[in-house]
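Shared chain: chain A. Partners: chain B in the first complex, chain C in the second.
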Partner chain A sequence: MTRNTSLSQAARRIGQALVVILLAYSFTFLIISVLPGDPISNMLLDPENGFTEEEIAPIIAHYGLDRPVLEQWWMAISRFALGDLGISLRSNRPVSSMLLEALPSTLLLAGSAMLVALLLALLIAYASQNLPRRWGQGVARVLPALSLSVPSFVIGLVLIQVFAFQLGLFRITQPNSLAATFFAALALGIPVSAQIAEVLIANLDHEAGQEYFAVAQARGLRRSQLFLRHQLRPSALPVVTMIALSIGELLGGSLITETIFGRKGVGSLVQSAVVTQDFPVLQSVVSLAAVVFVLVNLLADLLYPLLDPRLRRRDTAARDDTAERLA
Partner chain B sequence: MNAVSPPADLLAIRGLSIAYGNKPAVHDVDLTLHAGRSLALIGESGSGKSTIARALCGLLPASGTARGRILFQGQDLLALPEARLRALRGRAIGFVPQDPQNALNPVRSIGAQAQEAARLLDLPDVAARRARILQTFARIGLADPARLYDAYPHQLSGGMLQRVLIGLAILPGPALIVADEPTSALDVTIQKRILDLLGALQAELGISLLLITHDLAIAAERAHDVVVLKDGQVQERGTADQVFRQPRSAYARRLQADVPALNPERFRAATARQPGAGEAIHVDGVSKTFQAEGRSVRAVQDVSFGVPAGTTHALVGESGSGKTTLVRLLLGLERPDRGHIAVAGTPVATDAPDRLRGLRRELQLVYQNPFTSLDPTWSVGGIIAEPLQRYDVGHRGDRQAQVIEALRAVDLPEQVLRRRPGALSGGQRQRVAIARALILRPKVLVLDEPTSALDVTVQAGIVEVLFRLQAQLGLTYLFVSHDLALIRQLADSVTVLRHGQVVEQGPVAQIFSRPREAYTRLLLDSIPRPAAASRESFLVDQETEN
Partner chain C sequence: MPIDRRALLQLLSGSAGMLAAPAFAQGAAQRRAGGELTFLISSLDSGWGLNEKVDTYTGIVWGQIADKLVHVDEKGDATPWIAERWEENASQTEFILHLRDGVTFSDGSPLNAQAVAANIELWARGDTSRGVGRLGLFPSTTYKGVEALDDRRVKVSFTGPTLSFIPTLGYHKTLLRSVASLNLKAEELGNLDKQLGSGPFVVESWLEGDNVVLRRRQDYRWGPQAIAHSGPASLERITFKVVKDAAIRAAALQSGQAEIALNIAPHELRPLKARGIRVVAPDSLGFVSGFSVNTCAPHFDDVRVRQALQHAIDRQEILDTVFTEDWKPVTTLLQPNVPEAADLSALLAYDPAKSNRLLDEAGWQRGADGIRAKGADKLRFNLFASPWVNTSKQVDEVIVQQLQKVGIAARLQVVDIATFNARVRNNDSVPLREVSRSFLDAGVVGNVLTDADKGDNWFKLGQSNETLNRLARDIAHAVDRRARAETLKEAQRYVLEQGLFIPTAQLNQRLYVQAAKVKGEAYSGAGYALYYGAWLEG
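Entry: the complex of A and B
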């Protein structure tokens, strides 16, 4: 019974996720389709190319761009559902293989940025609770707000200036080296870590004011045990929420960071697709971002009951004091 | 008591002063607790009693600074380095908190938190510690310890949680247990059982007990020695017997006079009330069932009672007894499945908003918690005047006079009109709530545990006002409470509820002196009865009109 209900809950969440992805795809499709002209005419009707409208009509028909928008949408979405992302208008290669080439580098960057963000956030949060009150805690508490007010591209430029040009710790000409990747991840991760740290500190403060924190302290626990078990552990839920939300930040930020650090990845792919109006690539990347965002949030949703027993299906334990009165 | 040999001082507090920032909380307090004995620290909220308890366990917030000495087994706790103090916490000093619902980490199992306490014992491994934990749980009267071990706090009731917490406190075998109002968040029958348990453990294991309480009756019943605290200063100290029989300080005398359990006749005798004609409230065969999580909960089953105008009727019951549902039905916030309700002769029509609105002129509610029931952004004058505006009563110019009259009726000075609730004390806030309820001149006032968040002396002031208003205005009160001593003091008739059903009802005098049902007797037994109480008669002489 309990297992069935939690399974059906999970199934409902997955269903909702699919609907969100469908909507995201349709919405990008809509935006692209209301832009003036169509990709073929935008490309070929350029005076430099010298084609006439009559000449390109068969090409437009070939791509199905003369059909009603609804029909185009249906074709696109049914291809998308089958994993066919279409052909790039510029390189004439399948978009899916272009994405597959670009993805590993971006995943590495975003993944290590998330790792850096988590570690930094934990460090700052720990410092905010355990450093000497007047000095250390104050600094730890100001840091997140400070780094949030600096845009990530500025952080990236400063890192390059200091660590590449002045200290020579990495070379800007080898963007895929370990050191260069680390600094790129740092540039991308710092703003994200600031967001997580802010949420974490607020929650740690809240937990420290809870009665069970004082009671645990009265049980003779060491400071580190108190921190881990009675402050950090109960704060896990909002932090997971924050991480899931900051995936969007990471995806958007990696676009800029890849440009600054000269890395090849999904970011640079998007950038060139925007410049050249390569709509199939744009449509695919935006949809893919939506898929990633939805998946991560789905994962977070499914994680909540594991982190907080109160969110699991209520089992019929003795919640009233009947047993106590009869005891 | 009869001391055989002078027992050693387990705990000696000398010249203890504590301040939060610049605000002094405790001033120059001395107290001594002998090994194996119990000491009650009595005081109202803000008296500094909890601050002393926290200082003892090293739990003062960072803004708190303590001066003086807290000698525990000869060592000054205030002078010990953090690491040595931590070694004493739990192992030598156990702590039982006030609100069991919030005293265990909600995301960790009972077992995981019990392991933390068991770790202080020198047991070889987790399994051995688990065995000891289960043994302790069984000892303190928890059924099915193994299931409890795997449970999470939210799955247990308040009474069970408090037992678990007591278990965790005694598990490492401490010499002293500090219990900070351990029963104030629990139902009355549970309160008695928890206090019994603490007393038994104290006697059997030879643990010393420092009991922090606001209830003089509980202190007198449960402790050997008593220290009375007010505004951070000791007012009086002595054996429970001495302080209780012959309070020397003015404050202790006042406390004694204000505890309902000790003074059943205090208000009734002083006020001449005249019951009016007819029934102000008529409840006939009312039932209500709720659907929750696929189960149906019968919140109220076939309840009937009538309240003569100008009298006070009490609804008594513990949590889950249906008293809140009954109040909601009466106010027209829920529709009964069966039966009907009439207030001042008019049926409560949940399906006719206009008539319901009319009803609410006759029937006003005073909520339990004055700290949350008043909008903090409104001025007191605005809060009290609002019903006049909503019902468009009188002219703009007259309203101010009416508000001032209502303020006077509840003994509040005119100066509070412009203040906001945040600037008032709990007692003053509840008086504002009563003034607001009275401004429309209703016939019936529903009082939902109006004093349960307040100290006894503040409570006595409110009860006095309620009696006077009843005599002056001929009001009818429906008083909801779990505090039987208070009900004995102020109600004329009573309905005892349990699991949504009427257990017993009738005049207070009859129910309290000759209860017919076992459950009523159980409730009555939970009224603290200090051995030193000189008045034998708890009987209520006055007969009610019924």
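Entry: the complex of A and C
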């Protein structure tokens, strides 16, 4: 019975995820369809070409852009439901190939940025609690607000100017090198680290005021033990939530970071797709982002009980209750 | 964004001058084989499809991968390339192209008459079943057909005189591709691995919208006759890399991470030059930057209003404010290097007193706010900056201030391409439409004057103006270039006198900012670089 409940919960989550993805796909379609013009007109009605609307009409018809919006939506979503992401109107290539080309670079950048963000946040949070002088702790507490107030593109430009052009540590023409990836991850990760650090510091402060912390302190535990066992671990739950929420920040930030660092990725793919109204690409990327969000949230839900034993117990008790009632 | 990226980078690069490439003496340098050239470009977004998929950026890459039938220089003169010679009949309706022997595409397939015929047919008609439009500049309206007479001779026929045919063969989009590439399925057209040319470089690797790495083709020996080089290209490799931010392109060039950067903002050029970096603004055939005037727009049916505008614009101030010495003053509606361009500077003289007089005569009186009005009707309109020209907004800002001085209120609107097409293209309430159009043969001028033969009808006069009808007809039916040049000069004078076109500045769409060590490159008549003869000094 318990197994059946879990299965039905899983089925419900998958169903919800599918609805979210289809809604994201349709919503993107809706937004693009209310924009003026169409990608073919935008491309061909350049005054350089000297075309008339009549001349480009057959091309627009070839791509089905002359059909009613509802029909276009139905055609697109039918294809999408079968796993066909369509052909890019701009590049004449399958969108799936373009996504596969762009995805690894963005995953690497976003993953590295998250790692950088976590490390920085931990360092700042540790410093805010454990620096020997009060002013040192104060500086650590101000750092997140400072980092948040500097846009990632400014951080990126400073890093490029200093480390690429002045010190020659990486080449802007080789954006996928280890050094270039590190600095791009730094630019993207610093603002995210600030958000995580703020949440972490607030929770560490809260834990430090608890009775069990005072007891542990009285038992004479070392500072690092106190921090890890009695402050950081209970504070991890909101951090996991924060990480899940930061995925959007990372995906959005990758657009700017990839553009500045000259990296080819999903962000730069979106940027050119927006400019050219290449909606098969845009819809696919938005749907991909929805998939990532769904997966990350699912992962966060699964992690909560592992990090907080109280949630595990509550879950087990709830399951026992249900079993009893059904029996 | 609230912070100007360029200002920030300039601030940060205070000592970057120390790292800049030193100025090299421009003496007689020895050609050196080998070397790699890195070219920073702002976009490769248009993909690698056929005909109109080639844009101003990918056109530069294509220029190294694919050959053309002729090379057209900055004066519009066509010289042999893959077509080693050509014949034309007296009525300019039939052309026979004689092709070079032994030319092959990079897959080894022959570039013969059949391949050339297939290319010409696709340029002229396109293939709507695969979403491929015809080539905009190709003279399709008079195109009759193409025939391969044998392996090395191609006959092209037109229903009327087509003086523009041969020069058009040197256009940056009339690229010769292998027959297999032309026949690819729609979803394969953008795959650069399958788009094969016969040029001096072949594709080594590429990433969609990001970079293309080209490698020298060792067996290449059919470069344009006009370029003083034979055999394979000197450069071993060329890397085209997209760097969208112009300030980063400039900084990368200064620090020696690249040899060439395309299109840096004009105000950044002087400091770069001071650091020994060369700015090459190749002469480009076409119209100058300016506005075609819609005579259907309110108040612009009055020639006095149009002429007032013509004299209210101080073109020297535009040059001094927005551009550098790399931009030449405009003398007519055609670029200064177009052989048929007339010197009509007098018609474009800045004369605000004359503008005021013309507007007074037309009944537009200045109101208390300084704006001219006829009763409740004010002389004001929206001025849309061209989304296709980088410097358009800055130029238009100056123009808005200049027009204000004579009592005309122009409100600057900066919009994207989609909005521009929706709000400007067929909107008769918009009087000025910014033009940016290149060509390789000035016969195009005849096609914009009226709507006859699918003409562009720039001034929205249709066929109501007898003078324009005659000029358009004479240009279209011309069979002699010299006689046509006279008609073209008459057309320029008439259009400017009537205030139907308001030139603003020379159109430099491709500005190559490059290290002094880059030598031997050439440019087509449309300003596209050819690196076949290029090498790196030192």
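Just so we're on the same page, the second predicted complex is superposed on the first by the 255 of 327 C-alpha atoms of A that agree within 3 Å, B and C clash if a C-alpha of one lies under 4 Å from a C-alpha of the other, contacts with A are read in each partner's own complex, and residues count from 1 in each chain.
Heads up, the rule we're going with is that contacts are C-beta pairs under 8 Å (C-beta built on N, C-alpha and C of every residue); 3 or more make two chains touch, one makes a residue touch a chain.
Computed from a predicted structure; not experimentally measured.
Look at A:I56: by the touch rule set out above, it reaches chain C but stays clear of chain B. Applying the stated contact rule after C-alpha superposition, one finds that A:P132 touches neither chain B nor chain C. In the superposition on chain A, A:G83 contacts neither chain B nor chain C. Note on chain A: of its two partners chain C and chain B, the one contacting more of its residues is C.
In the overlay built on the shared chain, the residue A:H230 is in contact with chain B alone; chain C does not reach it. In the overlay built on the shared chain, the residue A:I160 is in contact with chain C alone; chain B does not reach it.
In the superposed model, A:P68 lies in contact with neither chain B nor chain C.
By the document's definition of touching, of the two partners only chain B reaches A:A214; chain C does not. In the superposition on chain A, no chain A position is in contact with chain B in one complex as well as with chain C in the other.
Of all the residues in chain C, the ones that touch chain A in their complex are 1, 3, 5, 8-9, 12-13, 15-16, 19, 38, 40, 43, 45-49, 52-53, 56, 126, 128-134, 136-137, 186-191, 207-211, 239, 241-245, 248, 251-252, 254-255, 257-258, 386, 388, 416-419, 421-423, 425-426, 433-438, 444, 447-448, 454, 456. Residues 133, 210-212, 214-222, 225, 229-230, 233-234, 236, 307-310, 314-315, 317-321, 323-325, 327 of chain A touch chain B in their complex. Remark: chain B residues 54, 57-59, 62, 86-91, 93-95, 97-99, 102-109, 112-113, 116-117, 120, 141, 143, 151-152, 154-160, 163, 165, 168, 172, 187, 189-190, 193, 293, 318-320, 522 touch chain A in the complex.
Put simply, chain A touches chain C in their complex at residues 35-37, 41-53, 55-56, 58-59, 61-63, 87-88, 90-94, 98, 101-102, 151, 153-154, 157-158, 160-162, 164-166, 168, 171-173, 259-260, 262, 264, 268-269, 271-272, 275-277.
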